[in-house]
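As structure tokens, here come the structures.
Look at the two complexes coming up: chain A is in both, with chain B in one and chain C in the other.
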Partner chain A sequence: MNSRLFPVVVLFLVTAFLIGPFFIIVAASVSGGETLAFPPQGLSLKWVAKVFQVESFRESFAMSMLLAIGGTGAALVLGIPASYALSRYRLPFGETIRTVVALPIIVPGIIVGLALLRYLVVPFRFNITLALFLAHTALVLPYAVRVVSASLNNLRSDIEEAAVLLGSSRAGAFFRVVMPNIRSGILAAFILGFVTSFNQVPVSLFLSGPGIRTLPIDMLSYMEITYDPSVAALSALLAFMSIGIVFIAERFLGFSRYV
Partner chain B sequence: MFHNRAEALALALPAAVFAAVVFLAPVVILLAEGFHNAEGWSVAAYTGFLSDPLNRTVFLRTLRLGATVTVVAAVIGYAAAFAIVNLPPTAKGRMIGLVVLPLMISPVARTYAWIVILGRTGIVNQALTSVGLTDEPIRFLFTETAVFVGLLQLFLPLMILALISALENMPKDAIPAARVLGANWFQVFWKVILPLTKEGLVIGGTLVFTGSLTAYITPAILGGSKVLMLETLLFQRVTVANDFVSASVIAFILIVMSFAANLLLKRLATARSKR
Partner chain C sequence: MSSPAFLSLEKLTLAYGDTVAVKDLDLSIRQGELVAFLGPSGCGKTTTMRSIAGLLKPQSGRISLDGADITRVAANKRSVGLVFQSYALFPHLTVFENVAFGLRLKGLSGTELESRVDAGLKSVGLTSFAARKPAELSGGQQQRVALARSMVMEPKVLLLDEPLSNLDARLRLEMRAELQRVQKETGVTMIFVTHDQGEALSLADRIVVMLNGAIEQIGTPEDIYNRPASAFVADFVGFENIFAIENGRLRAGNGPIALAMPLPHDAAGLAWRPRMVTLGSGPFQGTVRGAAFSGSTREYLLDTPLGALKAEVDAAAPAHSAGTTLAFDLPVEKAAKLERFN
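Presenting the complex of A and B:
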């Protein structure tokens, strides 16, 4: 094949394969027909409207939002000091701590969910929502530590040492000198954590109860009952939400270098 | 570098203790359960699990899908990464954005799209019927092919990104030099590009392979109970049969495979930073 044409063809096919399905969901979700079909049978927004009427979707969306925002927030509260200790202090057992904190990324989520169900929720009659919250926090923690550590390592440590020498307290130096400089790293960690938690399925599989479900789990069980286009509409809405978040993040933070 | 140990521990321990209590301890207990029965410690659960032909099928299928997805992703990944690296800067940035984008979209949404494409009344079947290639719609959903396509779409971006960074780190004149010296494109790939981007290939390959092995959503939506993989089997054993012993065995297999892959990655990363 012509060596100039080849790259164009490859890029076209790969983009079509990666992004094409997204356009198909969007098209299917504005269909006027009763079943999932492409090309859509007439234009209508009724399935998009239905998404907002299904009560379980509303509840599980709220739950997913709560977990994604709360879990990522908690992971950052735990992760920022840990990253700071790992990058700025001679920490005893530093490597062990680093490994333990990074573990949740390596162990498949379904196992974490099952283990929490068996040994936390059942024996201690633990609240499911709280268990979900802890699981999502643990899941996001490795990302928080990785991204925040990366931006701490890019920041010269002599500026805070200078602040301390000039009489600032250690905490004062952290909040007034370090924090403002790693703000975009923290924001990137938050966005990455939010997206990871919001889209997470396996961790939450076993941790659901009556009325307590995350949105992706709710979508999975809705799909088992019916193939109507409302799941397509919801998928399209979620995809638009992710694209919006990533676009804004890329615009202001150059997000892709943190992924 | 600060030297106050107490301060350092006070900062780092909350995260470490949290991960140990909420995550490590329950998982370790779960794994231990698979090595323990009424008579004490034993591997009976493992021999029992592997003697069931259904479990063996699922185990081998999971490995097979993981391997084929990885190999195909590597082939497509090289072509795509090579094309992207040679683009002018602005176009390159946009293409990388397009590759990263799907990673941010819910995997449920991305997998769901394949139902629209591969279903009985989906695009592929409509096209085939209208061209007259088939009278009856062909069954794509709930086959291994559907799961393969879904996994490939889910994980291909990881391979492309790993290969892009490997190709960018390659000396710029290696390929022209080989061409001038008379190598054909096959030789250039085999003797120049592949050895110089081996680490990127291993990084991408590990991510794609472990991702595919531990996938739940794709086999659940596109495979159903006909094409079980290890994670969907685990879910089924627990929810249908309350069989926590098999669950523990599957969990151990999955964790061992994930860890082996990650160890390999880490070793490569240190080898590279030493050089």
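Presenting the complex of A and C:
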């Protein structure tokens, strides 16, 4: 019995545990049967095709895309200047601000969702789409700040002074020499934020209304009524989309450096 | 000062928050001069340089350049170039674009831009590297790009932060020659900051020695090397035997000691390089504690009534081993007379 066998077995089991459900879902999605089942009964792509025919899926997919792109974009618009200030200036309460910015990761989504519903949407009749947008922006902000800060910290600050002494304004120096050098960090933050927002469930669960819901919530309610394999097919498609994005990011940006 | 000041600092006080880094500094520099700011870290030399560049606003005082008060002029409008210690090249731009950066901001383009950049690269011998990124260059090459990038802007003053300290010995010699050549060819006024006395002595026309945010001594390399004004400067340029004068006598570890010759009245202290100590004859006795052979010379560390003393003699002289008692003298006429003892 060699001592390397045990960790290898554990590694194998953990990997199987993590990735197993994915294979089950993929297998279930090509089932020919009428209900969600594993192992699949027969082989068919009809459930994959059905995903594209369900109208609510199309609408909630559009909503999720809008939130993921818009929310992440907004988080970056706020997060890039915030990261810049945190990494370049010695701010009073700088550490406190860093912690507060990270809070949406720490506070359970259920609490954020409930709080937004109970104290913003209900009393003020706040627009649900707007509330969803704000919530997703806040949820993505910690990732944006963290990833952008990491690339700013890797960039020497004296290049900005060099740019100023060559005639550039301070703001010009930011756009001419800082932004181009943190571009891959910003892209990495965008992808991480996009995936986080797109897969977000607990907050979105509280913030849905007539015709307004994100894709994961829509899948949840679809399953409550219809127990066919199309949800598995959709899940598999989404998983492939995420894998594709992360693969491209890793390939071109060295994504894993930032996360 | 014979010719009028080109760059002058008047009563300049600089601070980081509540910490005063430089206090009431007065200095004037002539056009075309090559000046070194020399001092240990924390003496205020870099701070002073940054304020000339406009990167640090003075708390009080005045900076004027070429007849104009530039105290309140923004850093990007001063015509002051700065070669950073780390070179601060723009990593995303090619060597050509690094050098072109400032010229583009000036509105130059097309063939005029190209010829100015080419001339700049040619002057530092990097024409064939124009298409490379800074990361593909050696440290010495990066520094030359930084030099060209500043020089194509035709600055009135070129500042250099520790220009030789990141280079190896051979490159250091090369860069020193390079800087002298650039200065001679363009006549640009140059100020460089260094903590290395050898660098300052070999490169500068004039050296400003700084300590604790104030000027300790200004002079030519010969002045500084041969006639240090204070104990600090003497120590900095290699006088290793430094004594204060108290009531007409040298103050030593075991109390005051009278030398054979009368001491000068106008000095606060005397300093001898190890080479200036006479060994083998003289009115004093010392015991050899340590000896070191360094090729052309022998160095001795002596225990004497004046305390520990360092002496250096030609290697041709007979060697003395530890424990030997030797006669020695401190010739007053050779000593550097210190105006201040700090």
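Assume the second predicted complex is superposed on the first by the 249 of 259 C-alpha atoms of A that agree within 3 Å, B and C clash if a C-alpha of one lies under 4 Å from a C-alpha of the other, contacts with A are read in each partner's own complex, and residues count from 1 in each chain.
Criterion: contacts are C-beta pairs under 8 Å (C-beta built on N, C-alpha and C of every residue); 3 or more make two chains touch, one makes a residue touch a chain.
Owing to the predicted nature of the structure, the values given are computational and were not obtained by experimental measurement.
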item: First, second, both or neither for A:21, with chain B first and chain C second; value: first
item: Comparing the two partners chain B and chain C, which touches a greater set of residues in chain A; value: B
item: Chain B versus chain C as contact partner of A:253, first or second or both or neither; value: neither
item: Chain B versus chain C as contact partner of A:167, first or second or both or neither; value: second
item: Touched partner set for A:159, first chain B, second chain C, both or neither; value: second
item: Chain B versus chain C as contact partner of A:212, first or second or both or neither; value: neither
item: Which superposed partner A:103 touches (first chain B, second chain C, both, neither); value: first
item: First (chain B), second (chain C), both or neither touched by A:150; value: neither
item: Which of chain B and chain C A:66 touches, first, second, both or neither; value: neither
item: Those residues of chain A which chain B touches in one complex and chain C touches in the other; value: none
item: Parts of chain A lying in touch with chain B, wherever the complex brings them together; value: 6-8, 10-11, 14-15, 17-19, 21-22, 24-25, 28, 35-38, 78-79, 81-82, 84-86, 88-92, 94, 96-97, 100-101, 103-104, 106-112, 114-116, 118-120, 134-135, 137-138, 141, 145, 157, 170, 195, 198-199, 201-202, 205-206, 216, 219-220, 223, 227, 231-232, 234-236, 238-239, 242-243, 245-246, 250, 256, 259
item: Contact set on chain B toward chain A in their complex; value: 1-5, 7-9, 11-16, 18-20, 22-27, 29-30, 76, 79-80, 82-84, 86-87, 95-110, 112-117, 119, 121-123, 153, 156-157, 160, 214, 216-217, 220-221, 231, 234-235, 238, 244, 247, 251, 254-255, 258-259, 262
item: Residue ranges of chain C in contact with chain A within the complex; value: 53-55, 75-78, 80-82, 84, 86, 88-92, 101-102, 105-106, 146, 149-150, 153
item: Partner chain C, residues of chain A touching it in the complex; value: 155-156, 158-159, 161-169, 172, 176-177, 180-181
